[in-house]
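Two complexes come next, and they have one chain in common, chain A, joined by chain B in the first and chain C in the second.
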Partner chain A sequence: MNLTAILLSGVIGLAQGTLLILAAPGVVGLLRTIKAQLQLRQGAGVLQPYRDLFKLLRKPAVRSNATSWIFASTPSVLFVAYSLLVFMVPVVHPATLISGDFVLAIYVLGLARFSLSLAGLDTGTPFGGLGSSREMFFHFLTEIGLVLVVVGLMIHWNTIDVQQVFEAHWRLGLGAFFTRPELLLLTLSLALLVLFESERIPIDNPSTHLELTMAHKAILLEYAGRDLALVEWAEMIKLTFLLTLLGNLFLPFPSLLATGAIPVVLWSVPAYGGKMVLLVLLLALWELGQPKLRLREVVAPGFTAMLLSLVAIIYTIYTTEG
Partner chain B sequence: MDHILTDLTDLTNLTNLLAPHRAVQVITLLFGVGVVVPLIWRTRGWSSRAGLGLALVGSLASAGWAAGWLLPVRLPHTAVVWRSSWLEALPPLQWEVRTDALSGLFVLLIAAFAAVVAIYSFAALEAPHYRQQRHRIVSAFNLFAWATIMTVVANDVFSLLAMLELMTLAFGYLVLYKHALYLDEGAPDAEKETNARIAPQVYLIVSHTSTALLLVALLLLAIPARSLSLDMLRVGASQLPPILANVVFLLALGGLGIRAGLTPAHVWVSLVHPSSPTPTHALSLGIAIKVAVYLMIRCFFEFLPPQAWWGYVLLLVAVYTALVNVWYAIASHDLKTALAYHSIENIGIIAAAIGVALIFAAPQPGIDPSSAQTIAALALVASLYHLINHAVFKGLLYLCTGAIDYLTRQVVDFERLGGLLRLYPWTSAAFLVGSAAIAGFPPFNGYVSEWLTLQSALVALGALKGAALRIETIIIIFSLILLVAAFALTAFCFVKIAGMSLLGSPRTSAETRNQEQWNQHDAPWPMRAMMGLMAGLCLALGLLPAFVARSLVSIVADTPGYTIAPPPPSIFGLHLETPISSITLVVAHPLMTALALTLALLVLVGYVNRYRPTLRPDPWNCGTPYTADGTQYTGAALSFLIRGISADPFRRADPAAPEHLPARMVLARSKDYPQVVVEYFRRLANYATDGVLRSARWIGMWAQNGDIRQYLWYILIANIVALVLFLVLRGVPA
Partner chain C sequence: MADIHAGIRDVCQGEVIELPRRDGRERHFVIENGEDLLRLSQWASQHDYYFCTMVANDERLLEDHIFKLYYLFSAPDGFLVTLEYPLNDPLHPTKYPSIRPSFPSVEPLEHRLYDTFGLSPHTGEVHSGTLLHTPYPPEYYPLRQGRTRDKLEERARAYSPPTHSASAIEMPEGMLAMPVGPIHAGVIEAGCFQFHLAGEVIEEVRIRLGYKHRGIEKLFQTSYTLERGHELAERVSGDASFAHSMAFCHAVESLAGVEVPLAARYWRGLLLELERFSNHAGDIAALVHDMAFELLASELAVVREQTLRLNQRVCGHRLLRGVNVPGGVHLLHRPHLNDVQRTIETLAARLLNLGKSVLEMPACRERMVNTGVLTCNEARTGGATGLVARASGLWKHDFRLRHPCGVYAIPALALADELRHTVVLSDDDLPSSIHRRVPIYLSDLQGDVFARLALRVAEAETSVHLVARLVAALRQKGGRSEPLVVPLEKLLRAVPNFEYGIGYAESWRGEIIYWLMKGPRNTIFRCDLRDPSLFNWTAMRQAIIRKPDPRDPTGRRYLENILADFPLINKSFNLSYAGHDL
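Showing the complex of A and B:
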C-alpha cells in the first residue's frame, strides 16, 4: 500500500468513526421515539438526546467532597474508551482507523466498567457501591460470554483479527451465512451479550428512576452537569458501537471487499442505515415485551449466551475434517 | 574464605568478573557481610543500614553479572565454585553454577527486586513496628536474596537443594517477625496471635515436604545419569524410560506445586506470607515464589522428555488454581491476605501457559513438529512475560501495601481503611496503577501478557482442531473459560481492594487516626521513588511489548530451545507469526495517541470551564446524616452478588471440624452480623493433618511401644529382609 492509500483509508476511518460518535445520540433518540410510538405515546423526538446533552454540557458538575480524581476522570475515560471501539469496526467502508483484535475490544469494554465501578465506590455513598457491585457482576458474566464468542470465531476462521473476520464474513455473503448454524448461534449469543453490555431490558432498565432497581444507572446517578453529559454520550456511543458490530458482523451485507469502490459505498450507506433501523426496531419491540429480570436471575441470560457459543464451538469442532 | 580473599586481588582484571565462579564469590562476599554485620552490631542504627547497603550493592552486582550474559544472550557457561575433596571413595560433592538465558532472566529479576526492596527498606524499616527487629530482618533478607539468586544458577542437585533449603530457612526467619512483634507488644486479637504463631511452623513443614518430593524426583533422575550435575540430567533426558519419566513428573509437580502454591497446596501462602515483614513481600511473593515456576520449566522441558498429558494436567491444575485463589482473594478482608491469594492466582496463569507449552513440546498426532515447537515457544513467551509482569505489578502493589502499613501503623483491614487517595495521594495513585495493570487493562502491562496467554490458548485451539484432536480441543476450551473467569474476577477483586482501601471517605475517623499516630504526610522519598519506578515499569512494559517479547523469544530459543520468529522491534505494539494466524497486539498505536489527544482537546475546550465551577457538596445520603464507616458499602456487600453464583461448600462453618490451620474466613467483622465463610482447602488440609496425627499416634501406640521383645523381632525381620535383598541384588551364588 502506498502512502496515499494509507492516508485515504485513515481519513475514511476517521470520518466514519467521528460520524458514528456524532450520530450516537440520534440512534438513542430513534430508539426512544420508536418505543414511544409503539406505546402510543408521542415521544420527545429523535433530536431530544442532542438537546439534553447540549443542556447538560453547559451546567456545572457536582462532585461530592468525598470524591477524588477517580470520580472526576471517569467520564473522560468512558468517553475515550468507547470512542476507540468505534474506530475499530468497519461501518460503511472497510477502512478502519485502528486495526485490532476482538480481545482488545473486550478489554476496552472491561476498562470502562472497571473505571466506572471505581467511580461508584469513590462516591462513598451506598448507591455508588451498589452500582459497582452489580456492574462488576455483569462484567463477570459478559466477559466470559464475549470471550466464548471470540473462541467461536477463532475455531471457525482461525483468526480473531477484526479486519480478517469481517473479510471472511463478506466473502461468505449473506446467503451462505444463514446456512452455517454455528455462526447463527454466535449471532444469537452476541445479541444477548449486547443487551448485557448496553444494560437494556431484561438486564437493566435504562429509563428507570428508582435507585434500588438500577444497576448501571446507580453509578450514573451520582453524576451531574457536564460530567453527566459526557457519561450519557459515552453510553450512547457504546450502544451504537454494539449495534454496528452486531449488524455488520452478522449481517454481512453488502460485501465491502472491493476496497474503496465508490458504488459499493453508495450502496452500503443505505444498507447500514437500514440495518441500524431494523436493529433499533427489534430492540424496541424486545424491550416492550419483556419485564426486567430480578437481579439474581440475570445469571440465566448470561449462561444462555455462554451455552449458545459453546454449542456453536462444539458443533464446529465435530464438523471439521481432520 | 581464604581463597575468596585471594581471588579478590584478581579483580583488577575486569573480564575475570564475568567468569561465573568469580562473580559468585564476589556476590557471596557482599551478601555474606550483609548477613553478618547487622547481627554483630545488633544495637547500632548504622549496621542495619549498612546491611541494606550491602544488599543493594550485592544485588546490583548480580544484576550486572546477569546482564553481562543476557544482553545479548551468550552461550551457556558452567563453572565449579567449590568441590569437596575430603573423601576419595565418595563421588565428589560440588557446587556448580551455570549461566544460561533462563537463569539470567531470573537472576536479573531477583537482583532488581532485591535492589528495589533494599532502597525502599531504608525508609520502611524505620517504622516503629520494625525498629526492634530491623537487624534480624536485614540479615535474613540478605541471606534470602543471596540464596534465591544462587538457586537459579545452581547446576547440580546438591547445591540446588541446599540453596532451596537456605531460602526456606531465611524466609522462615522472616516469617517469625510477626510472632516476635506480638511477643513484644501483645497481639490485637487471638486469631492474629494464632496465625502469627503457627505461620513459621506451617512454612517449614510445607517447604520440607516440597523439598522431600523434589529430592526424590531429582535422585530418580540422577541414578540413571550416574551424576549429580544437572548437565548430565539434561543429556540423559531423552533416554529415560516413560514410566520413570511419568513418576518423576508427578513427584516434581507435587514438590514444585506445593512450593508454588498450586491448588490444593495454596493453603499455606496466605497464612505464611502476611506474617513476614511487608517490605520484603515484593521480593518473596513478587519473585522468589516463582523460583518454583523456574524449576518447573527446567524439570519438565529439560530434565524430562515432555509428554502431552503432562501439559493437560498442568493446564487444568493451573486454571483451577487461578479461579480458586481469585475467589478467596475476593473473600479476604485485609490487604495482605487478599494480595497473597492473588499472587497464587497469577502463578496459576503462568503455569497455565507453561501447560500449553508442554502440550506442544511433545509430538502430537496430526500436528507438524515445527509448528508445534512454534506454539510451545509462543506459550512459553506468554508465560515468561506474565511472570515478569506479575513480578512488576504485584511488586508495586506490595510496595504500596508496605507503604500503607507504614503510614497507618499496621492497619491493613478494609474495614478500617478507605479514602487513602486523599490522605496519601502518591502511594494511592501508584496502587491504582498497579490495580489497573493487574486487572489486565490497556495501556498497562497486564494486558500484554493476558493477551499473549489468551492468544497462545487460541492458537493451540486452532492447531488441535486442525489435527482433529477433539477431546483435547474441548479441554483447552474448558480451561480457557476458567481462565477468563479468573481474569474477570481479578478485575472485580481489584475494584474491591482499591475501592475499599483507597476510595470514598476514610472509615477511620480523624481522631482515631491521630490517636494511632497515622502519618500526616505521604511516604518518605525512597519509598515513593521505588513505587514510582515500578509504576513507570508497568507502563513501559505495557507500551513497548515488542522489545521485551524479542528478548523473551531469544531466551526461550536458548533454554528450552523452542523457536518462534522474533517480533520486529516496533514501538507500535507486537506482531508475531504463528502457524495458525499472524497475531498483532495493538497498543500505543499512533492513531490511539491521536485520539487521546483529541480527548485532551475536548477536556480543554468544553470540559474544564472556569466560569462554571464544579460544586463540592457533602455526599448525599437521602437526607440522613452521612457517616463514613456506617454508610459506605463494605467489601462483603460488594462481593455479595459474585459470591451468590458460586457453589456453596464454602459457606457453613462446622464446629466439629478439626482446626489446625484457621479455616474460617471472616468476610466482614460487623458487630451485629459477622459473616463467615470456610476456606474449603484449608479444611481439607486440616482433615489431612488429622489423619497424619492419628497415624502417628497409632505408630506410637502399636509399633513403637517400648516393649523390648517387639524390638528384637524388628531386628530379626530387618536382618532377613537385608539378606534377601542382598541375594536378589547380587544373585544367588551357585
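Showing the complex of A and C:
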C-alpha cells in the first residue's frame, strides 16, 4: 500500500468518525422523538439534544470540594474512550482511522465504566456509591457476554481484528449471512448486550429521574455544566457506536468492499442511514413495549446473551470439526 | 356481642356516663377512670373495633377547666363510639393513659398531641418534632386556646433555632444509611426517607414528615367559620379535595342536625366517585410509569386527564372545588347527565382494558407480586385504612359500608351491593345483576403492590357502576328544580356552643374524619381532622422493612424489598404528605 492510499484511508476514517460523533446527538434525538410520537406526545424534536448540549457547554462546571481529580477527569475519559471506539468501526467506508481488535474495544468500554464508577464513589454521595455498585453489577454481565461474542466470531473467522471481521461479513453478504445460524445467534446476543451496555430498558431506564431506581444516571447526578455536556455527549456517542456496530456487522449490506470507489460510498451512505433509522425504530418499539426488569432479574437477559453466544460457539466448533 | 354497652358492663369499674347524641348512629361515653379507659380499649381491640382518631381539646376555659381527649372508634355493628376522657388529675394535668398497647396506630397521634398541645402519655415514649420541626420554639403548643395567631407568629419570629449540626448515623458493619429527600427529583411533596441498607436490601426505613405543616387546624379555628370552613377543607390535600370538603360539610350538617336534599346527596355521591375514578386512573398510570412501561402509562394518563376535564365541565373545577357547601352542593349550571354517562363509560372501557393488560402481563406481575407486602395482620394491628387495608385482605373496611351516610345509606339505590362485590369472593357468589369486566378475587389481595394495583382497577370499575346508578337516579328525578342547598346559618345558631359534630367521607385513599366543636357565633372552637395517610404511612414502613415471612411455617424465609423497588411500593400506597402534615 502506498503512502497516498494510507493517507487517503486515514482521512476517510477521520472524516467518518468525526461525522459520527457529530451525528450522535441526532440519533438520540431521533430515538426520543419516535418514542414520544408513539406515545401520542409531540416530543421536543430531533435537534433538541444539540440544543441541550450547546446550552450545557456554555455553562461552567460546578464541582464539589470533596471530589478529586478522578471526578474531574472522568467526563474527558468517557468522551475520549467512546470517540476512540467510533474511529475503530467502518461506517460507510471500510477505512478506519484506528485498527484494533474486538478485545481492545471491550476493554475500552470497560475502562469507561471503571472510570465512571470511580467517579460515582469519588463524590461520596450515597447515590453515587449505589449507582457504582449497580454499574459494576451490570458490567460483570456485559463483559463476559461481549467476550463470548468475540470468541464466537474468532472461532468462526479465525480473527478478532475489527476490520477483518467486518470485511468477512461484507464478503458474505446479507443473503448468505442468514444461512449461518451461529452468526444469527451472535447477532441476538450482541443485540441484548447493546441494551445492557447502553443502559436501556429492560435493564435501566434512561429517561427516569427517580434517583432510587437508576444505575447509570445516579452516578451522573453530581455533574453539571460543561462536565455534564461531555458525559451526555459521550453516552450518545456510545449508543451510536453500538448501533453502528450492530448494523454494520450483522446487517452486512451493502458490501463496502469495492474499496474506495466513490459510487459505492454514495450508495452506502443512505443505506447506513436506513439501517440506523431501522435500529432506532426497533429500539423505540422495544423500549415502549415492556416494563423495566426488577434490578436483580437483569441477570436473566445477561445469561441469555451468554447462552446464545455459547450455543453459537459450540455449533461452530461442531460444524467445522465435522 | 360487640355492643359497647356490654363491654362497659364487663370491664369498667368506675362510673361511665352515656351522653345522648342527636345522630342515632353515634354514641358518647364519658369515662373518668384511666384504668377503665385502658381496659375498654383492650376490649374494643379484641372485638374488632377500628380506632379512628384521638382528638385533644383544650377546655380549660370551659366549665371543666381541663384538657379533654375524645377517642373515636368505629364499631363493627355500625356505631361510631366516642369515649370522652377528661384529664382530671390535678397533679398531672397534661398526662393521659396511652392506649398504644391495644391500638398501636395511636402512636403518630400521640407524637402530634405532644407537639400541638403538650400532652403526653403516662407510659410510652413521645418525641417532639414529628410535626413541628426545630425552627419552631420549644413548648410552642399552638393548638392550646389563648395562643392567638399573632402571638404564635411573633414567638416563632423571635425564636432563633440552635444551629443544627449533623451527626453521623451509626450503622453496623457493612450497612449503609441512605437519606433521601426531603426534596425529591420528581414533582412530589416533601418527606425524608432514611433507608438502612444491606447491599440493595432495605432493612429499615425511617420516614420523617412534617415539612408541609401549615397549621391547618389552627387556621380553621382562627380564620374560618362553620359556614366557610369547607373552603379551607378542600385545600388540605389537593387530590382529595372533594372528599375533604364533603367530610367537613358532613360534620357541620351533623352538628346542625340536617339531612341535605336528595338531589344534593346524589350529586355528592356522583362527584365523590368521579374523584375516586380519576385518582385511581392517575395512580395506575403512575405505577406503570414507574415500571418504565411508557406506552401504557401515557394512555392511562390520558384517561385521568379526560376525567379531570369532565370534572371541569360538570362543576367548573378540575379538582371539584367549590361544589360542596354546608347544607348541600352548589352547581353553576345543571350538568349534562348524558355527557357524564357517555364520557365515563368510554373512559372506563379504556381504563379497564389497559388495567387488565397490566395485571396480566408477566413482566409486570413479576415486579409487583410479593413486592411491599403488608400482611393482613399488620394491616389490622397497625390501623391501616382505606384501599391499603382492603388490599391486605380486610376487604370490608370501607366507611361506605361500615357507616353508610348520604347517598350510600339510600336502600333503594343498593349502592352497597355494588360495593360489596368490588372484590369477588367466588364465582358462584356473584349475582347476575352485577357484572365485573375485570374481576379481582379475594385471593389476589395479598397486600403486595399487585394487590393494591388490582384493587385500584376493581374500585375504578365499581365507581363507574355507582356513577351509572346515580346518573339514572338523577335522571329519574327529572327536571324538577329542587333546591340543592338547605340554609344552615339559623340552624347552626340554635345549636348550643361547644357541641361537637363528626363528619366523614370515604375518599379514594380511605376515610377522612372531621371533628368539629362549635364556638360562639358559629366559629370553630376546635377542628380536628384525620387524613387516612396518617395511619398508612406507618403501614407503608411496615410493608417495606425486612421481616420474617408469616406464610412460611419454618420461619426461615424473609420478606424483603430492594431499594430499586421502593418507588414502586411508595406509588402503590400513594399517600398524602400534606394530609399528614396538616
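FYI, the second predicted complex is superposed on the first by the 320 of 322 C-alpha atoms of A that agree within 3 Å, B and C clash if a C-alpha of one lies under 4 Å from a C-alpha of the other, contacts with A are read in each partner's own complex, and residues count from 1 in each chain.
Here is the rule we go by: a residue touches a chain if its C-beta (ideal position, glycine included) is under 8 Å from a C-beta of that chain, and two chains touch if they have at least 3 such contacts.
This one's a predicted model, so the numbers in the text were calculated from it and none came from an experiment.
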Does the superposition put A:Q39 against chain B (first), chain C (second), both, or neither? second
Once the structures are superposed on A, label A:D122 by its partner contacts, choosing first (chain B), second (chain C), both or neither. first
Which touches a greater number of chain A residues, chain B or chain C? B
Contacts for A:L293 in the overlay, against chain B (first) and chain C (second): which applies, first, second, both or neither? second
On the A-aligned overlay, A:I155 touches which partner chain: chain B = first, chain C = second, or both, or neither? first
Taking the superposition on A as described, I'd like to know which of chain B and chain C A:L130 touches: first, second, both or neither. both
Return first, second, both or neither, reflecting whether A:A24 touches chain B, chain C, both chains, or no partner chain. neither
Which superposed partner A:I203 touches (first chain B, second chain C, both, neither): neither
By the touch definition above, which chain A residues appear in both interfaces, chain B in one complex and chain C in the other? 126, 129-130, 295-296
Can you name the residues of chain B that touch chain A in the complex? 366, 418-419, 421-422, 432, 436, 439-442, 447, 450-451, 454-455, 458, 461-462, 465-468, 470, 473-474, 477, 480-481, 484-485, 487-489, 491-492, 494-495, 498-500, 503-505, 580-581, 583-586, 589, 591-592, 595-596, 599, 602-603, 606-607, 609, 612-621, 626, 628, 631-633, 637-642, 644-645
Contact footprint of chain B on chain A as seen in their complex: 10, 57-66, 68-70, 72, 76, 79-80, 83-84, 87, 97-101, 103-104, 107-108, 110-111, 113-114, 117-118, 120-126, 128-130, 132-134, 136-137, 139-140, 143-144, 147-148, 150-151, 154-155, 158-161, 164, 225-226, 230, 295-296, 299, 306, 310, 313-314, 316-318, 320-322
So, in the complex, the side of chain C touching chain A is made of residues 176, 178-180, 184-186, 200, 288, 290-295, 298-299, 302, 361, 363-364, 366-367, 562-567
Listed in rising order, the residues of chain A that touch chain C in the complex are 35, 38-41, 126, 129-130, 201-202, 205, 207-213, 287-297
